[in-house]
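What follows is a group of structures, each given as structure tokens.
Here chain A shows up in two complexes: once beside chain B, once beside chain C.
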Partner chain A sequence: MWQIITNEWRYLSRTKSLLVISFSFIIILLAAAWLGYKQNKVHEKNYAEAKQYVRAEWESIKEMNPHGAAHYGTYVFKPTQVLSGLDDGVNAITGNVLRVEGHVQNEMVHSEASQMQSVSKFGKLKGALLLQYIVPLLLIFLSYHAINSEKQSGRLKMLIFQGSRLRTLVVGKTIAIWLYGFSLLLLTILVYLIFHAATMHTDVWLRTFLLLFSYSVYYFILCGLTLFLSLRIQQAAVALTCMLTLWVVWSIFMPNILQSAVSAWHPLPSRNVFKQAMKEDRSKGIDGHNPSEEREKEFRKEVLAKYGVDSVEKLPINIDGLLMQADEEYGNIVWDKHFGELRNTLAQQKQSYQLGGIINPFISLQNASMGFAGSDNYHHQHYLLQVETYRRMFIKMLNDKHAFGGSKSGDWDWKADNAFFKSVPDFEYQESPIQTSLTLYLTDIAWLLFWFTLVFILLLFGTHKLTVL
Partner chain B sequence: MIEISQVSKSFKGQKVVNNLTLTVNEGEIVGLLGANGAGKSTTLNMVLGFLTPDAGNISINGLDPQRQTQEVRKQIGYIPENVNLYPYLSGLENLDYFCSLANIAYTKNQLTDFLLQCGLQENAWHKRVGTYSKGMRQKVGIAIAYAKKAKVFLLDEPASGLDPLASNELSDLLKKLSGEGASIIMASHDIFRVKEVCHRIGILKSGNLVKELRSKDVSANELEQVYLAYMKN
Partner chain C sequence: MKYLSVLFFEWKHFVRNPFKVIAWVLFVAAAIYGLHNGASLFNKQQKEIEAIYKKVKEQYEKNIDYYQKGIKSPPDRPWVDNTTPFWAIWNLPTYHIKQPETTMVYSIGQAEQFGFYKQISVWASPYDADMAEEIANPERLQVGTLDFSFVILYLTPILLLLFVYNIKSTESEQGFLHLVQVQWGANIQAWLIARIVFYLLILLLTLTLLIVYGATLTKAILFAPEKVFQTLLICFLYSTGWLILYTIIIRYGTTLVSNTLQMIGLWLLFAFIIPSIVLQNISINKPVNLMLTFIDAQRDGREKIFAQADSVIDKQLFTLYPQIENSPMAKDSISRILARNFSASALVNHQLKQIIEEINNENESKNSIISSTYWFNPVTFFQNTLNHVSGTHYANYQHYRHQIQQLIDVRVATLTNDIWFNATVDLKKYQQYTQQFQTLPN
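Up next is the complex of A and B:
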């Protein structure tokens, strides 16, 4: 086996055209790794500057009514994940700036895609684009003729006569070509990690390992399947056409078709319908029988009773702050209900999409790649939830200050001082641990391993009835 | 020793080899002459174990190529009409690689010795096979079979396309191998080469062994006349 692998590598290293192609590929991959790093650095710099600027703006508020400050609001920014420079995932379309203010839960804005000068179907040049689409093509081109060339040249007879088994030959060649793809993958990721050496930590190492693992398994599936087809189909050109067709179906058509099917099975409400439903629930009450005016009246009564007074003017606190907080909390319940449903639908979509891995390992690879790079929809949702938690804390602090800071009900001119605004904590994003990603993407890993086993069995037993002639 | 006993083979209802019986003893070279489609290559492929006979038996030193495939293959050296080696490897590297597949480890000196004995000049050892002539490739092919210490050699048109000098060197090598006790079957169109090298000659026509004669009993011209007579009938 080892001799066969070594011999294949000598072929790869001594064939000029392949050397040129390999060298070009390495340059492109390294360029993609470098660009990913630079883009991350630019994003990190912008993130740090914007965060600092917005915080400085907030802390520079000398005096302001807390409710006014709640409307003045602040901005939070989505930080960069170390590995998102390799796989940008959904980041380019989800946006990275969120406005935090009272009454409303804002949507993400300033997506990178919306700000790009040039529009490209494939987006920015990232390592994942090459590793998912181009390297597999190269592996297919290297594999499709590997056995046919031996057979057509008559060498296969000689190899068999020297004691080499067809099975060993096929597995050896598969491993050799897979190693080629793995080397390109390893080189790209290593270089990328060297660039990011300063920001590496255990979680990122684990994520990197899982990325490597997922891509490696996928490459083996492709190499093995191409070699198997090359064995089964006499004409190399037909074998190549079959594998290219499979590549197109797997990488381009099927993900789109499956995505559309999944969206149809688990439909998401349109943005307008969603917003309208939230607005109605907030004004009319979740059950439709508890309008905001009624809720307000009830709440006023409760507050007056609590403080043992018969009018708002006699309250030692500012009821407006409490009313606003009560409305806010009702809004939170509405948000939790609607976004909870939305998240459930998204989770159902994701789970259904993941099932596609049984017929298409590319889907599993793409899922796992985004998931382990931390640029998938789950990480985005994780970020949004943290922002919403922060927003609630932020608004509550302002409302509490409005209510208990010393003003009286109806006094909208009362102002909190600078010390208070400085005491409001800034948003700090806590990254999702790798264990969560692993749990979420276990299905994809399982499908990749299923395909790996299937291809390995095909290679081992698919040579059984083959003739050398 | 190669024993072919009443072997027949058909493809799509057409008999390609019909009731062929042939024995090649140790140290003996048997030539198979015949036109294209006479059944020479099919016979070799059955001996090699790549094709299963429809009827009859084949034995290589007492082993059945169909049932004891791996054991038989260890004993056979096969040289096809066109020895296609790896063009990106040198002759020496090709020999080393093929030997390593047979799990035989030779030193560099031993490998070069094999090449030298098979007539490949020293200045070619380290050149890539892609630059070799057909004769040079053939020599490396023979060196591969020779280095395997095969007891049985099967050669399919080994001298085809070789220049006279290379053909002559091939003849010498085959004689040397038979002198060392190897059993050799050589399928060929080349009447004069077969007459020169082989101890016995069989003429195949439409899958039938129509004539078997001893090489020393006929001159090259007589052999040609016999061969042509059978081909015309």
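Up next is the complex of A and C:
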């Protein structure tokens, strides 16, 4: 086996055209790693400046009514992930700016894609683009050539005649070509990691390992399948056409078709319907029988009873702050219901899409790549949830100040001082731990391993009875 | 006659080659699927627009009822006075819609990245959060929708590749080429071209039928026949361009594998590598705009304006709307305070417009860079050309934003004018407002 692998490598290294192609590939892959790193740096700088600017504005509030400040609000910007330079995922689509304010849970706006005309349907020149689309094509050609050249030159018959087992030969060649793909993969990721050496930590190392693992398994599937088909199909051109068609169907056709299909199976509401439903739930109550005026009256009664007074004027606190907080909390139930349903639908879409891995390992690879790079929709939703948690804390601090800061009910001119605004913490995003991603992407890993096993079985048992003599 | 026999034999070869036939069937299936995706988005947007119109109509009828009955305020909002321009305009529901074009069936383009309806108010702007795209799964948007333009741009080259990859090289590898040379003499290139033209004809016929079929899905054939023809022309040009490149490879290539590799390499270069490099370059040199200036103006604009001295505010208003300087409200110092307060939106709008112009310029500079790459980035060129024809290009949405700004301007100008001239709003005036705020100025 080892001899077959080394012989194959020796052959590959002596093929001038392949050396030229490999060299070009390495240059493009390194360029992609460098550009991914550079873009990350530009985005980090942009993000840091914007964050600092908005925070400075908040801290510069000399004095303001807390409720006025809740309307003034603040903004958060989506930070970049270390590995998003390798796989940008949904980042260009999802928007970058989110307004944090009272009474409403906003959505992210101002996406990169909406700021210019169309350029590339397959995204930027990132490692993922090359590793998912282009390296596999090269591996298909190499695998096809590895068997076809042996068949055409008659060496295959000679090797079998000399006592080599076809099964060993095929597995050896598969491993040899897989190693070639793995080297390109490893080189790209290593170079990328060297650029990011300063920001690496355990979580990122684990994510990188999982990325490497997913791509490696996928490459093995492609190499093995191509070698198997090249051996089984007598006509060389037909074998190549088969694999190319499979590549087109797997990488171009099916992801598109399946995404459209899952969107139809688990439909999302239109923005208009979504907003209208939330508006109605807030005003009429979630059950439709608890209008906001009734809720307010009830709450006023409770507060008066709690403080043992018979009018709001006698309250030692400002009831408006409490009322606004109660309204916020009711609003939060409404947001949780509707945004929760939205998240559930998105999760259902994702789960259905992941099932596509059974017929298309590329889907599993694409999911795993985005997921482990932290640039998928799950990570995006995780970010949005953290912002919403922050918003609730932020608004509660302002409402509490309004209620207990020393003002009286109905006094809307009362203002909190600068020290208070400075004491409101800034938003800090805590990245989702790898354990969560791993759980979410176990299905994809499982499908990749399923395909790996299937191909391995085909190589072992689908070739030993072949007649080549 | 000789050429006809080439076409005839090529037809025989085509129908007897299951891979070429399967490739063609798959292509047609994908194209039909893509056309239906386009038509589906068209219908979805139409349905949403109808729902909005219905909502607006209900609100409008409710308001008309107030005027007919002489009710100044809704029972739950006693502070509202519908006879004043401020509240009449505040409560007047106006949406500006970007009607989907029937040719959307061919290219969804950037339609899923932008909103297509917008409520107009005096505080609105074309970059408001409600201008965001419809709710959609970002992973679906990232993968992209398989629409007809996707099939044309990315699958046509693959189909053509599968059609022609073995022309000449098979004959050469199997030793028949010399026989062909004997038959055709010096004219062997004509034999090669005749065979390739056969596939071009097959493709053009297929595309024509598909485009006509697509046009029936949204009735584009009735409403925009010239655009259907343009789409056809673009598709013809694009396919012919690819076939010319492949012909050059076949003409000078020697082996089947080498030819196939070169064709695939070319496809990867134009469809993947070049567009992705261009996008990456723009992303680095002109990073995404986080809209800080816009945020500042929208959030702090009003406060900053009111922080100025009254005389400064008045001067700014009179500069923008000179006619109000001699209005009844301007002459009365007490009424002037009220008019000034209600006119703040005019100054905020003016300020926002200047910032929006900067944002638009920045976006345009990105577009200029993209356009300047067209000479070596043909796939992007054709993609944007198809988007233009389908009304789903960035420029179409930019035009829509421009129209929104125009409608905001009309609203703001009317509000300011009528406040300072102390107009009273009755049913007739309200109907006049309704008409005026929906009509784009010339």
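Operating definition for what follows: the second predicted complex is superposed on the first by the 465 of 469 C-alpha atoms of A that agree within 3 Å, B and C clash if a C-alpha of one lies under 4 Å from a C-alpha of the other, contacts with A are read in each partner's own complex, and residues count from 1 in each chain.
Here, contacts are C-beta pairs under 8 Å (C-beta built on N, C-alpha and C of every residue); 3 or more make two chains touch, one makes a residue touch a chain.
Because the structure is a prediction, the values reported are computed rather than measured.
Peer 1: Between chain B and chain C, positioned on chain A by superposition, is the outcome a clash or a fit?
Peer 2: Aligned through their shared chain, the two binders fit side by side on chain A.
Peer 1: Which holds for A:Pro269: it touches chain B only (first), chain C only (second), both, or neither?
Peer 2: In the superposed model, A:Pro269 contacts chain C only, not chain B.
Peer 1: Can you pull out the angle centred on chain A between the C-alpha centres of chain B and chain C, to the nearest 10°?
Peer 2: With chain A as the vertex, the angle is 100 degrees.
Peer 1: Chain A residues in contact: does chain B have more, or chain C?
Peer 2: C
Peer 1: Using the touch definition from the top, say if A:Val248 reaches chain B (first), chain C (second), both or neither.
Peer 2: Once the two structures are laid over each other on A, A:Val248 reaches chain C alone.
Peer 1: Report for A:Thr94: first if it touches chain B alone, second if chain C alone, otherwise both or neither.
Peer 2: Touch partner of A:Thr94: chain C, not chain B.
Peer 1: Once the structures are superposed on A, label A:Ala237 by its partner contacts, choosing first (chain B), second (chain C), both or neither.
Peer 2: A:Ala237 sits against chain C, while chain B stays out of touch.
Peer 1: Quick one: is A:Tyr72 in contact with chain B, with chain C, with both, or with neither? Answer first, second, both or neither.
Peer 2: So A:Tyr72 only meets chain C here.
Peer 1: Please indicate which partner A:Leu35 is in contact with in the superposed arrangement: first for chain B, second for chain C, both, or neither.
Peer 2: second
Peer 1: Pick one for A:Ser164: touches chain B only (first), chain C only (second), both, or neither.
Peer 2: A:Ser164 sits against chain B, while chain C stays out of touch.
Peer 1: If you stack the two complexes on chain A, which partner ends up touching A:Arg14: first (chain B), second (chain C), both, or neither?
Peer 2: Only chain B; A:Arg14 stays clear of chain C.
Peer 1: Rounded to whole Å, what minimum CA distance do you find between chain B and chain C in the overlaid structures?
Peer 2: Here the least C-alpha separation of chain B and chain C stands at 17 Å.
Peer 1: Taking the touch rule as given, give the residues of chain C at its contact with chain A in the complex, in rising order.
Peer 2: That would be residues 19, 22-23, 26, 30, 33, 37, 44, 48, 51-52, 55, 109-110, 113-115, 117, 127, 129-146, 150, 153-155, 158, 162, 166, 170, 256-257, 260-261, 264, 268, 271-273, 275-280, 282-284, 287-292, 295-296, 299-300, 362-363, 366-367, 370, 380, 383-384, 387, 393-395 of chain C.
Peer 1: Please give the residue numbers of chain B that touch chain A in the complex, ascending.
Peer 2: 45, 48, 50-51, 70, 73-74, 76-78, 80, 82-86, 88-89, 93, 97-103, 141, 144, 148
Peer 1: Which of the residues in chain A end up touching chain B in this complex?
Peer 2: 3-4, 7, 10-11, 14-15, 153-155, 157-164, 467-469
Peer 1: Over in the complex, which chain A residues touch chain C? Could you list them?
Peer 2: 28, 35, 38-39, 42-43, 46-47, 50, 53-54, 57, 72-73, 75, 77, 89-90, 92-97, 99, 106-107, 109-126, 129, 133-134, 137, 141, 145, 237-238, 240-242, 244-245, 248-249, 252-253, 255-257, 259-260, 262-263, 268-274, 342, 346, 349-350, 353, 366, 370, 376-377, 380
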